[in-house]
């Protein structure tokens, strides 16, 4: 019997070594896998590269990893963290390397990796500081730049419901980068609010088919079923 | 009030001139916009370029267009039509030009056009006759070929349910190329089995958001609502 | 001479959004534009975090933080709205499916170049978000800004000297004293508030201003 | 000497599909492989027209032609299955998410090259379908074929002379008389039916055959 369900966030993050490259879903503070990131903090993992739309503004998880210098490199579209100068302090002290990527380019670069596509050409960013050093090429009289696929070791994502095959559904705007990141890596770990029986998610409404998910961890054991 | 609903297939295809380039959803014989294609036949439109996974094996719609020589060019992954030598006859008589594209490459080339991406690199087809004349490029020691975006004037797609904003849901494997083609062109016309009220399709379960659909035609007026 | 308030600029932008348009509102000031679209006009608001059919803000009592716009403001979704993931959201943006993008601006070049994001300056962490995608992807780009920068210079310039967001992308600039259309490298003044003439505005602006054939008075309603 | 029937080749392939594998079955002969996976083993069958978790064929009475596999055969979907569009389906294929692709073959090169599609030959219309994507995208490519072509030559060849589907992609060839692993440009015979030795097979095969360390008897059950 296929069973992708792990007992706890701690069990799940045990797979993740120092120096790992992580995709982490979420937008502003919506749809982050806070419990997985928190477990990673507790585990003491360091020297992480994190690819996220933005550093989570929540109090748990990524905030703790950043505060304690566990993240050495951040690739994001928006690096500000409301109500704190944490990012500014880290950048100033030289302990955090930062790459800024336009939001749509970030999403597509992540998809590319999961789709067997080495990168893509886009008009986004042409003529701006973010095009510096990138391959430029004209198609039909328009200039594009080449943006390479982003490769990562793990995706830590957040979903609403999940089953033992790894099928996932999401809650409203908490969907954001999560399904895209799930497709991208060889090891996707999904934190779900609720475990459900196989078939509980209508096959027409599965947003992330289980093929893209290797491990599922529930944060609410009350609803656990197998 | 936004109302994308047209009264009949005939009204919808009136937009389509001779010489148009059409994306048509469907796979084998599942999910084709038969009534739109049939109306196009009745309208007498000719010199069409059709991009489809395969020529429909059904008796209506695309079969009639092919039989009467209205399709001068076919881009597909699979050109055989079961139970007939129609395609062979057309190829032999020189009235049909044919381009064969691997199925996944076809889908991605269509997506590219709707995504503002001029084409993509793929390993699919490298070393085969279908790579002839195409740009080759190595990434990380692997060889890829460049496949350009497919541009079309119209997409004729088939869905299960649609509303006046153009939101669509599909029926099982009849989904196939339809949502991908909807995204790709400036003018997407959807044949739906059933018109439903705004909000009837759960926002979590909308497969094609209305932004990708310009016109909706129902084949069953019995269920029409606004 | 009454400069437009921010609300009045938002109101002015809203008047130029036609029924049926697909519109993305940038964070900050642009987000208020939806408040001023006439109730009889159906407009589809897109939020790049995966929402189409964004409705009014949530009532205080609800506070569903999984239903927020790109500015993290709790919103509602209209019947007929939809949710989708980030790649699909930016297919809409990059692929030219959004009719109008409304963005803030630090500078606008007379050729339509836009500068509206921060490279590291002083201690501020950099942030570009979806602005670059919206600038090149939307069919029209409306910007909202004060006409003059804090140093008194016009924000509409011959060449932007701040980091660019996109090239030749701005269609119209809505400011506190004028509405400016950017057409083929020229700046056309379409509306001016009472008490300002094209002549007096030109005196304080380095780039050449042209009178739009539709030159009219910019007269917003009183708004709070 | 009893050559395997097509059903027995399908049975043999099925034995090499482990629990939890994501497997795509090509049209024709490969589609029957799922019939022979032990009922205790959970395997996820993918169909490139947008299905994951494909179950047994539909009972005659149902006949839902919107629920078909890539061979247009009406099938069922298991609880936990899902539907998706063609781009997502080929993200699964091209992106390396499918563990095993089972395809038919006209020829297999000793380096793993695969020839299994038709360029125009005589009056037949060309068709490639998803074979090229599956050949390069799946982690392992299993092919099913008769060992000998109609003209008596072995289908495993030094260099394919039919139009190629993919380069160096075939992992294992399952035939009516032998199972062959293709490893680093060499052909290893893993199983042989009773009455055939590596020596006798070599005599009828142009490419050099090596004995696999696991060389064993290929002995299928009787199947109808």
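The chains carry the letters A, B, C and D, assigned in the order they are written, with residues numbered from 1 in each.
Just so we're on the same page, a residue touches a chain if its C-beta (ideal position, glycine included) is under 8 Å from a C-beta of that chain, and two chains touch if they have at least 3 such contacts.
From a predicted model like this one, the values you see are computed outputs, not experimental measurements.
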Key: Of A-D and B-D, whichever chain pair has more C-beta contact pairs   = B-D
Query = Between chain B and chain C, what is the gap in Å from one C-alpha centre to the other?
reply = 35
Request  = Could you tell me the distance, in whole angstrom, between the mean C-alpha positions of chain B and chain D?
outcome  = 30
Message = Using Cα averages as centroids, what's the distance between chain C and chain D in whole Å?
response = 56
Query = For chain D, what residues touch not just one other chain but two or more?
reply = 77, 83-84, 90, 94, 136-137
Note = Each of the following residues of chain A touches two or more other chains, namely 108, 111, 115-117, 122-123, 170, 172, 203-204, 207
Ask   = Which chains touch which?
value = A-B, A-C, A-D, B-C, B-D
Footprint of chain C on chain A - complex, ascending = 27-31, 53-54, 77-81, 85, 87-88, 91-92, 98, 100-105, 107-108, 110-111, 122-130, 170-180, 207
Request  = Spell out the part of chain A that touches chain D in their complex, as residue ranges.
outcome  = 1-2, 111, 113-117, 163-165, 167, 183, 197-199, 201, 203-204, 206, 209-212
Query = So in the complex, which bits of chain C are touching chain B?
reply = 19-20, 22, 42, 44, 46, 52-53, 77-84, 88, 90-92, 94-98, 136-137
Task = Going by the contact rule at the top, pick out the chain B residues touching chain A in the complex.
result = 108, 115-123, 139-140, 142, 144, 169-170, 172, 202-205, 207
Chain D residues touching chain B - in the complex, by the definition given at the top = 47-51, 64-70, 72, 77, 83-87, 89-90, 93-94, 113, 119-120, 123-133, 136-137, 163-167
